[in-house]
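The structures considered in this document are given below.
What follows is a pair of complexes built around chain A, which joins chain B in one and chain C in the other.
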Partner chain A sequence: MDQTPAPPADPVPARRTPRLRRNPLRGRLWVLWVAVLGVIALWAVAGNLLAPMDPYAQLPAVRLLPPLARTEAGLHLLGTDALGRDLFSQIVVASRLTLLIGTCATLIGLAVGAVVGICAGYFGGWIDRVAMRLTEAQTAMPMFLFAILLMAVAGPSVANLIALLPTFIWPTVARVIRAETLRLRTEPFVVGAIALGANRRQVVFNHLLPNLTPRLAVLFVIDVGQIVLAEAGLSFLGAGVQEPDLTWGVLIAEGRPYLAVAWWLTVMPGLALAAAVLSVSMLSREMERRSQT
Partner chain B sequence: MTSTQQAAPAPAAAPGPAPRTRRSRTRSSLGRLVLSRLRDAVIVQFLVVVTIFVIGFYVGDPVTAFAPPDATEEQLAQLRHSLGLDQPFWVQFARYLENLIQLDVGTSVWQQRPAMDAVWEVIGNTVLLAVLGAIAAAIFGVVGGVLAGTRPGSLTDRVINLIAVVSLSVASFWIGLLLIIIFAVRLDLVPTSGLYEWRSLILPVATLGFIHGGRICQVTRSVVLDEMSKPYVLVARSRGLPWRRLVARHILRNVAATVLTTAGWEFARMFGGSIYPIEVVFAWPGLGPLMTTAAHRHDFAIVEAAVLITGALVILVNLVVDVASHLLDRRLRPQ
Partner chain C sequence: MTRTTHQPTDQEPAGLDNRAARPAGRRPAPTRKRQDRPDPVLRVRDLVVRHSASTGAELTAVDGIDLEVRAGETLGLVGESGCGKSSLANAVLRLIPTAGGSICFDGTELVGRSPAQMRDIRRDLQVVFQDPRSSLDPRMRLGAIVTEALRLHGLNNRRERRRIALQRLAEVGIDPALAHRRPAQLSGGQQQRVALARALVTQPRLVVLDEPVSALDVSVQAQVINLLQDMQRTYGTAYLFIAHNLAVVRHLSHRVAVMYLGKIVEQAPAHNLFRRPVHPYTKALIASVLPPRPDARARLEAVRRLAPGEVPSLAAVPSGCRYHTRCPFADTTCKAVEPTLVRIEGDHAGGHRVACHHWERVQAAAPQVQAR
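Up next, the complex of A and B:
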């Protein structure tokens, strides 16, 4: 050890100092993510008004045009697909179903997970044991394959998808909420409420639930991205949303046969998907960072 | 050097338990772990089986798939009777379980042979891809995680962090398609799909590695960061141990258990879902294309066989990971 002189580079302390010339955007980048999500949310709400063209209008004469191509119908911002439909308009309109399925399924998953978690944490005993066994069992299940099977048996439809996707997330939600409930139960204000004669309903709805809400908000942001990705995967394999309903996953699947001639048909919807999920996960990191400090 | 190693987390000197009791407790906890995992496995598989059966019982009518399209209602009823489909729920369920115990989930209508055979034939390809993908993910994750974790706050750290978050936020199959467009269509470096030569492995393995490396990278970074603040690092540094050697010999060794566990979980997660869309994208002759085709053709037996086998596989991998992490963590190991 003596033969080596002091190491030339000293990564640990050296990197700590240049705090002053820090990127001014750092810490404010969340505005960008909110803006991206805002635009997508706007598309979802008023897609048919915002889409520059009719997403279902087929114009065989202008099929497979590259992005920024101009025709008499107007500017095709992201090009056209194999039937001459405007890709940008399709992406705008497809955001509605994508977000609808994503938020509905996530909310259902959160509700189920929250109910199971609160019951397990608050009542304890055999309810707790059964609930935790179930969550453990479910995390070991190959959910994606199971989803393909169920969708094949029950028939792929939006309603079935919304019913199925929550099973992907409820176990983790239940575990987090259970842990949080266990912690809250010993807090003085809960113990005090019980001592003052509050009944179970009052404790759960007036004391536990309001304090669980921030945690649920974070879980929503984390899980909604995963649900949207799962939906895209299932739709891509034909076990999710079916044409003529459009989601970004359906659009990617539609573009796949034209990979060699029209790259934009697969790249662009995927980019929209990635932008949405990335914004959501960046926001969730921001939320975590803020809740820590 | 030995002194620095001993500074690694040693078991808390608990007053009381003699070595003998500690050993026996460790062993029994390992045994309990295995037992509880096996019990979960039974519960999971049973739940899967019951769900499949109930849904098939109430929704699917296999007779319509078997029978010729011009069959009359009487002929259909007769066919149902001969297949035992007109029997009450519990009788059918018992028969179903009986067949299942003999690993028989039925005959594939599409391939005209036992569904299990069709699955066994291709599962090797899926496992091969998953193993290579997990290795790629581990390399990406560990290299990225160590680079980022040893330089917190630096540009490297931020770039790697961003890549990791992106890898967790994109659809796996989309990355596959993107790689095909860039490397197969535009640059024409590798074949687009199939399994013909070793080069056709590159893109699917890279896709899997990227998608699953992100989490390994994040976990590695955070454990490395954690490890760097421990006293033994300070001691080693003040004794003049070169930085590279400290990372290679001590930090890496101490984070290995956590990283291996994460990599194992990612491996299990591949069988849980992410690998199948990728297989479809690259027309890899594995479970993904088989399952989707079977599902399109309403051939539920194959899908069912695949779910049951991969379910068992996921449980097995999880079990191995749990046991391995149990054995690797020296705090849990008998001294």
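Up next, the complex of A and C:
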């Protein structure tokens, strides 16, 4: 066009040049996730030592204090609950049971789902049909009602909870793993392994499982959140963890009646839950990225 | 395991299990003359392979094929895509079921063997697939990939396997320092060389090469082909070499079989087939793929005359001679009667055979398309 050559603009034109400098946090953010998980893991292992106060000490005079309130007992970092107990100490102590139930139940669910999925996908035929009808039957059931019923019959205990919670996730796991197995089964490297002389066990353990692990890691991350939430839901309804045992779910449930006056009672344990699930998820993505290069 | 043609040798340590000892050292190169080995490594008789589509329709991908591969020999198998080459390969490897016929490998009938019974045989019958990228397990390291067959068959201990892996990698031109890498870190040509090293690690009698260079760059193809030849010289392995690239087949094969719609239409020693192709389809194939020369126009014309139109679908195979729909020499006989593969010269196995009613007329009339 007819533009005259512009006079030399300022040495650093504001928006024109593409940004060349890399975000310095990029690629190092995983340190944060490791740190978050490390802290939570530390809480889980040694919560009773790390908690600043006795999580069960009731101080009715200082009930429903907001975060950062000070009393003669010390600084209530996250405030106090309806009975005047220190919320931060409760969260720290509750992390143990939360993580224990979450990881155990998720791992069991993954194992069951993976076995069913691999068998269905690899062997096909009637095994596949039976397995898929089972997952459908499971999915068709109103799981939450069913879980309440079972917990009522079996009695609410941590062990029963760990046994029951996997039923929430195994059908999804089985279906995902089945689909992935079907795909892998026709891959030349699996067919080639058979041509090399691998038997079924060797195909499954040497080739299918290693190639399914990224998928299982993703499922773990997704499902651990779901399991912890399901546990929270059951505990909230009184069919899960019973006081004095504490989980983040129990804390969220306890705080709910006070949502209007003491938001921190639900938000803070919720944040702990979110931070844990997010860290696991981000970290697994980071590992996935690294394993590919 | 009974190996009828296995030579009693002094080279192998006495008192040791041959099977365990063999992969560590090299098999002595086949020293006997061909005549002393009447039994081919692979003898396929009247093989039929059917695929059933989800619609219920059936395709006969391989329709009564006879083949022989002799020890230490390369049999090239050529044909257009979809003519059943790979089905034949997979059937020979017993990776897909056969609908009829027999596959005799090293004196053992493979048809009717259970997968468990096949496992022992697979030590001597290996395969290299077309796409090296997907035929190597992405999560395994190269060293483990190369020695997988040894591990599967419980041969050698871990340390020996590691040594063999490094040695074999070096042999196929991969720096042994890369043994801990994963396949994705290699180029396609390197991957295919690893695949070849893996196939040869048990020193098999026969390797089925299913288009082993088709997925590679032309510059890399030559390396892999030369490597295939070197390995054959070293180990005396027989190859069933499947390809659609005639130039490659010609370079590597001792004998060549041409496949069209599930049938073999011509089979001859490589030099014969390329110098004096007889079947109209073979002539067309050869005219179409050889490098351009001053008579390119004439060649193109020849292809147009010899193979006009498209390959019919395997789902609707023409009656009589399968080639009659495209053949300029076809007459009513061709439409009605399926020609058999007849020997037109040479001895029983090594001779030139063709399946054409009018091969004499074709030979006299068709322009001389031949390779240099």
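By our rule, the second predicted complex is superposed on the first by the 210 of 293 C-alpha atoms of A that agree within 3 Å, B and C clash if a C-alpha of one lies under 4 Å from a C-alpha of the other, contacts with A are read in each partner's own complex, and residues count from 1 in each chain.
Rule of thumb we're sticking to: a contact is a pair of C-beta atoms (placed from the backbone, for glycine too) under 8 Å apart; a residue touches a chain by one contact, two chains touch by 3 or more.
For clarity, every value in this text was computed on a predicted model and none was experimentally measured.
Q: Could you look at A:T71 and tell me whether it touches chain B, chain C, both or neither (first, second, both, neither)?
A: Neither: A:T71 stays clear of chain B and chain C.
Q: If we overlay the two complexes on their shared chain A, which of chain B and chain C does A:Q58 touch? Say first, second, both or neither.
A: neither
Q: Once the structures are superposed on A, label A:I148 by its partner contacts, choosing first (chain B), second (chain C), both or neither.
A: After superposing on A, A:I148 lies in contact with chain B but is clear of chain C.
Q: Touching A:H207 in the superposition: chain B (first), chain C (second), both, neither?
A: After superposition on chain A, A:H207 lies in contact with chain C alone.
Q: Can A:A193 be said to touch chain B (first), chain C (second), both, or neither?
A: Second partner only.
Q: With both structures superposed, pick whichever of chain B and chain C touches the larger number of chain A residues.
A: It is B that touches the greater number of chain A residues.
Q: Once the shared chain is lined up, is A:N160 touching chain B (first), chain C (second), both, or neither of them?
A: Touch status of A:N160: no partner.
Q: Residues of chain A that sit at the chain B interface in one complex and at the chain C interface in the other, please.
A: Touching chain B and chain C on chain A: no residues.
Q: Quick one: which bits of chain A touch chain C in the complex? Just the residue numbers, please.
A: Contacts found on chain A: 187-189, 191-199, 202, 206-207, 210-211, 213, 292.
Q: What residues of chain C sit close enough to touch chain A in their complex?
A: 93, 95, 115-116, 118-120, 122-123, 126-127, 129-131, 134-140, 148-149, 152-153, 184, 198
Q: Which residues of chain A touch chain B in their complex?
A: The contact residues of chain A facing chain B are 1-2, 4-7, 9-12, 15-16, 133, 136-138, 140-146, 148-155, 225, 229-230, 232-233, 236-239, 249, 252, 256, 259-260, 263, 266-267, 270, 273-274, 277-278, 280-282, 285.
Q: Along chain B, where are the residues that touch chain A in the complex?
A: By the definition above, chain B touches chain A via 1, 40-41, 43-44, 47-48, 51-52, 55-56, 59-60, 150-154, 165-166, 168-174, 177-178, 180-181, 185, 192, 228, 237, 239-243, 271-274, 276-277, 280-281, 288, 291-292, 294-296, 298, 300, 303-304, 306-307, 310-311, 314-315, 318.
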